[in-house]
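Structures given as structure tokens follow.
After this come two complexes, each holding chain A, first together with chain B and then together with chain C.
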Partner chain A sequence: MNAQLTFAPAEASFVELSDISIGYGDKVAVENVGLTIGPGEFVSIIGPSGCGKSTLLHVLAGLLDVRSGSVSCRDEDVTGQVGRHLRAGYVFQDHRLLPWKTVRQNIEIAMRSAHVPKADWNARVERYLALLQVSDHVDAWPMNLSGGQRQRVSIARALAVAPDVVLMDEPFSGLDEVTARTIRVELDRLRVTEAVPTLFVTHSIREALYLSDRVVVFSRGPATVLREVEIDLPRPRDYNDPVLVALERELVDAVLAVWEPTAGQVTSS
Partner chain B sequence: MTVATALMSAAPPVQAERGRLRPRRAPRIPSNHSIQSAVLSVVGLALIVVAWAIAGSTTRFIAPISDVLGGMPAFLTSPDTWTTIAETWTRVLLALAAGFVVGTAVAVLVWKTDLAGRVAEIWVTVFLAVPSTISAMIAVFLFADKQLGAIVVLTATVAPFISVLMLNAFRRLDPGLTEMAVAYRLSPLRRVATVIGPQVFPTVMTALRNEHAHAWKVVVVVELFLVSSGMGFQFDKSFDRFDMQAVMQWLVVFAAILLLTEYLILRPLENKARAWKGTP
Partner chain C sequence: MRSRRVVPVALALVLGLSIWEWISVASSRWLPGIVEVAVAAVGILDSETLMADLGATIRRVLTVWLATVVVGVAIGVAAGFWWWLRALLRPVLAVALAIPDLVYIIMVVLILGTAESSGLISLVLAIAPLVINVSMNAVLERDIRLDEMSRTYRLNKFDYARSVLWWQIRPALHAATVTAFAFSWKLMVLLEAVTTSTGVGARIMEEFRYLRPAEMIAYALVFTVLMKFAEVAVVDRLFSDRVPGSAAQPRRLQDA
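Up next is the complex of A and B:
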């Protein structure tokens, strides 16, 4: 087992962002960032608020174009055409389900747009709702589900579209801790059978370490990559694994001075 | 097997086929609130009838209720009555349809474009301020085809109001759902049908209800000025002859059309489309 703070070695990439800069109007959100996601790899981005983590997801979802740099997928340059070449399953902070459509219809709408063959819809809906433990609610209106159940459906939708990459933007930040922990455990278990390349954005260092194969630490905005950490722990994992606890402490100490320069003598506990 | 279980087993399999069924809902039982609301509506209507009965027996210019209702069977069985209603109704429906097309198009223009949007917004403000009587009088000179003129005046009356309502609805669209639709590559048509449409639907219903009533009121004026047919023309003709019974009969038909449309078409449509708001 090699779970320690190291720089990650370069590996064959499925998605590669090279030296990209992204901005809104006059503001630069991300500057000269390079990031790779390997086939089946779960990569987390952690960084302070407003550092541009979500902006990076927007690029991979085709919601935003880069100002400079390049994006490639399977070694093909897809800069400016990410939406056309990369099928993404997106899990937002909030569920973003259509409240006037049932759970099944929400997933079917996404699958239809992703050109998933209609013959596969039923099996996929049942499979992913079962994996996320919400199959009893397949014909329910989202408004009649709890926050945790809605987010489970949202994750099921992201997986059901047969995505090239799953993008998750702080999906548990709006949930209570118990629900969040339960879904994190399910997500970790899912990795055993559903190793879809995933880019996960979070504020929680422990969450990132628990779920990821690799954690990328961003600086304050405009974001640059401070360091990358490989988490070589077998799955399923234990959220309170002493190795993760030690790694979290080590990482907090390493980034605190950069993220919060005014923190002074504050140390992790 | 008890009677209850026998009945349950005889019921059709609700979940037999995937996907095409909505969530099961309990049969709708009227709440105390809806019963109270219905009782108040009946009381309100009864008060109008009482006021009419009093006014009819004490004044010359309001026909007695008994005369009006007594003449109703002959009035309603006359083919001329229904031809007149159909003429007016057609004008209202055509104007509403055109008003929604124009009003929504202008709202999209104002919402999505800068320069053209500002120009359109000023036009909307001006048209909102023009009294429909003035529009009808201007149309007398503008349109050789008076039938077309009537539709145009009605459309010009309802479209600005529809435009303002629709613009507010577009501006209130949930950006999160729009982002989701883009991220999941929903086609523009599907976005309109599944993401935008349901969000603006309550506004469409409000606009439809308001402008349906508005168009009915204005159509009477327009028919009075522009065309020699329809309910407005009949009102005018009856009033000129001081046939107050006919005036009141047309008024009853007028109110009945508005109320029946509201309660038999608009409200059920709205309730059905809001089923997703969920059960408690």
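Up next is the complex of A and C:
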């Protein structure tokens, strides 16, 4: 078990972002960032608010183009046409389910658009809803579900489209802590059977360490990569594992020195 | 529960009829009494020209209403998505919504003549801005986050329109459709009174010219009852089911 902060070794990549810059109008959100996601790897991005973490997800979802740099997938250059080559399952901060469609219909409409064979729909809906403990609500309206249940359905939708990559943008930030912990545990268990390459954006360092194979730390915007940390702990993991707690403290001290230089002493107390 | 709804309606009806009768007596019967109007209504229902007049008016109302809804929704939805069309339309709509409806009728008749089609065009021009405005704002008020979800999951245009956009703009389109119908038949009566010799409006004008107020009111009442029935039984039912999964109720502009 390698339970210390190390720079991640280079490995074969499934998705590779090379030296990319992204911006809106005159504003540069991300500058000269390089990032790889290996096959089946769970990578988390942590960084201060507004540093461009979500912008990076938008590029991989095909919603935004890069200004410079390149994006490749399976060693093929897909810059400017990411959406056509990379099927993404996206879990947003809020659930973004269609309130006028049932849980099943919400997942089916995404599967139809992803060209998942219709014969597989039923099995996939049942499988992912069961894995996320919401199979009893398959015919429910989203507005009749709790926040946690909606987010579980949102995760099930992201997995059901047979994605090349799953993108998660602070999916637990709108949930209460108990619900968030429960879903994190389910997500961790899911990694044992469903190792889809995942890029996960969060503000919670412990959450990132608990779920990830690798954590990428961004600087203040325009974002650059400050460091990458490999988390070589077996799954399923324990959220309160002392190793994770120690790693969290170490990483918090390391990043705060850069993000909030004046607050460096606070965390040590 | 049923009596709680029936009693107030019955009371309002009795009160209204009482006030009508009182005004009739107080005006020395310049306003015809209820019985007089009822007798006139029976006579109208028996008349040979009623069906022809109703048929002509209803055909014109349906033409104007359908044209208004189709043109208005198409332009309104397009303007909701394309800023340049919106920028072009906004000042036009601001003026168009402020112009009294009668002015449209007069202007179009002056330009295109007194043919029936001129009148229909003038009503479409008068009512369409309302439908365009409501449709455009409904599209603008849609949930942009669902658009982002749709793009992320690559929903095609048909799925987006049917599964994402439609349910968001439907309450507003319902309101616009019902309101356009109400405007269509009310303005049609005015148009027929001013420009044509056929239809219910023309009959009302004729009874007015011959100073037969009972017949004039009877024509108006018969037509109003028929149109309200059509509105409730047909137009309203186009969108009668609730938006699934929500308690959202359709809005009606005319009830505001």
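Quick note on the criterion: the second predicted complex is superposed on the first by the 264 of 269 C-alpha atoms of A that agree within 3 Å, B and C clash if a C-alpha of one lies under 4 Å from a C-alpha of the other, contacts with A are read in each partner's own complex, and residues count from 1 in each chain.
As a convention for this text, a residue touches a chain if its C-beta (ideal position, glycine included) is under 8 Å from a C-beta of that chain, and two chains touch if they have at least 3 such contacts.
From a predicted model like this one, the values you see are computed outputs, not experimental measurements.
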**Q.** Simultaneous placement of chain C and chain B on chain A, clash or fit
**A.** clash
Q: Please indicate which partner A:A88 is in contact with in the superposed arrangement: first for chain B, second for chain C, both, or neither.
A: both
Q) Which partner, once the models are overlaid, touches more of chain A's residues, chain C or chain B? A) B
(Q) With both complexes overlaid on chain A, does A:A257 touch chain B (first), chain C (second), both or neither? (A) neither
Q: For A:A123, decide between first (touching chain B), second (touching chain C), both and neither.
A: neither
Q. Which of the two partners, first being chain B and second being chain C, lies in contact with A:V192: first, second, both, or neither?
A. neither
Q) A:E108 contacts which: chain B (first), chain C (second), both, neither? A) first
Q) Does the superposition put A:D139 against chain B (first), chain C (second), both, or neither? A) first
Q. With the two structures laid over each other on chain A, which partner does A:P99 touch: chain B (first), chain C (second), both, or neither?
A. both
Q | chain A positions touched by chain B in one structure and by chain C in the second | A | 61-63, 83, 88, 90, 92, 94, 96, 98-102, 109-110, 112-114, 141, 143-144, 161
Q: Write out the stretch or stretches of chain A touching chain B in their complex.
A: 61-63, 83, 87-88, 90, 92, 94, 96, 98-102, 104-105, 108-110, 112-114, 121-122, 139-141, 143-144, 161, 167
Q | chain B residues within the chain A interface of the complex | A | 15, 18-19, 21-23, 176-177, 179-180, 182-187, 190, 194-195, 198, 276-279
Q: Report the residues of chain A in contact with chain C in the complex, numbered from low to high.
A: 61-63, 83, 88, 90, 92, 94, 96, 98-102, 109-110, 112-114, 141-144, 157, 161
Q.
Taking the touch rule as given, give the residues of chain C at its contact with chain A in the complex, in rising order.
A. 145-146, 148-149, 151-156, 159, 163-164, 167, 243-246
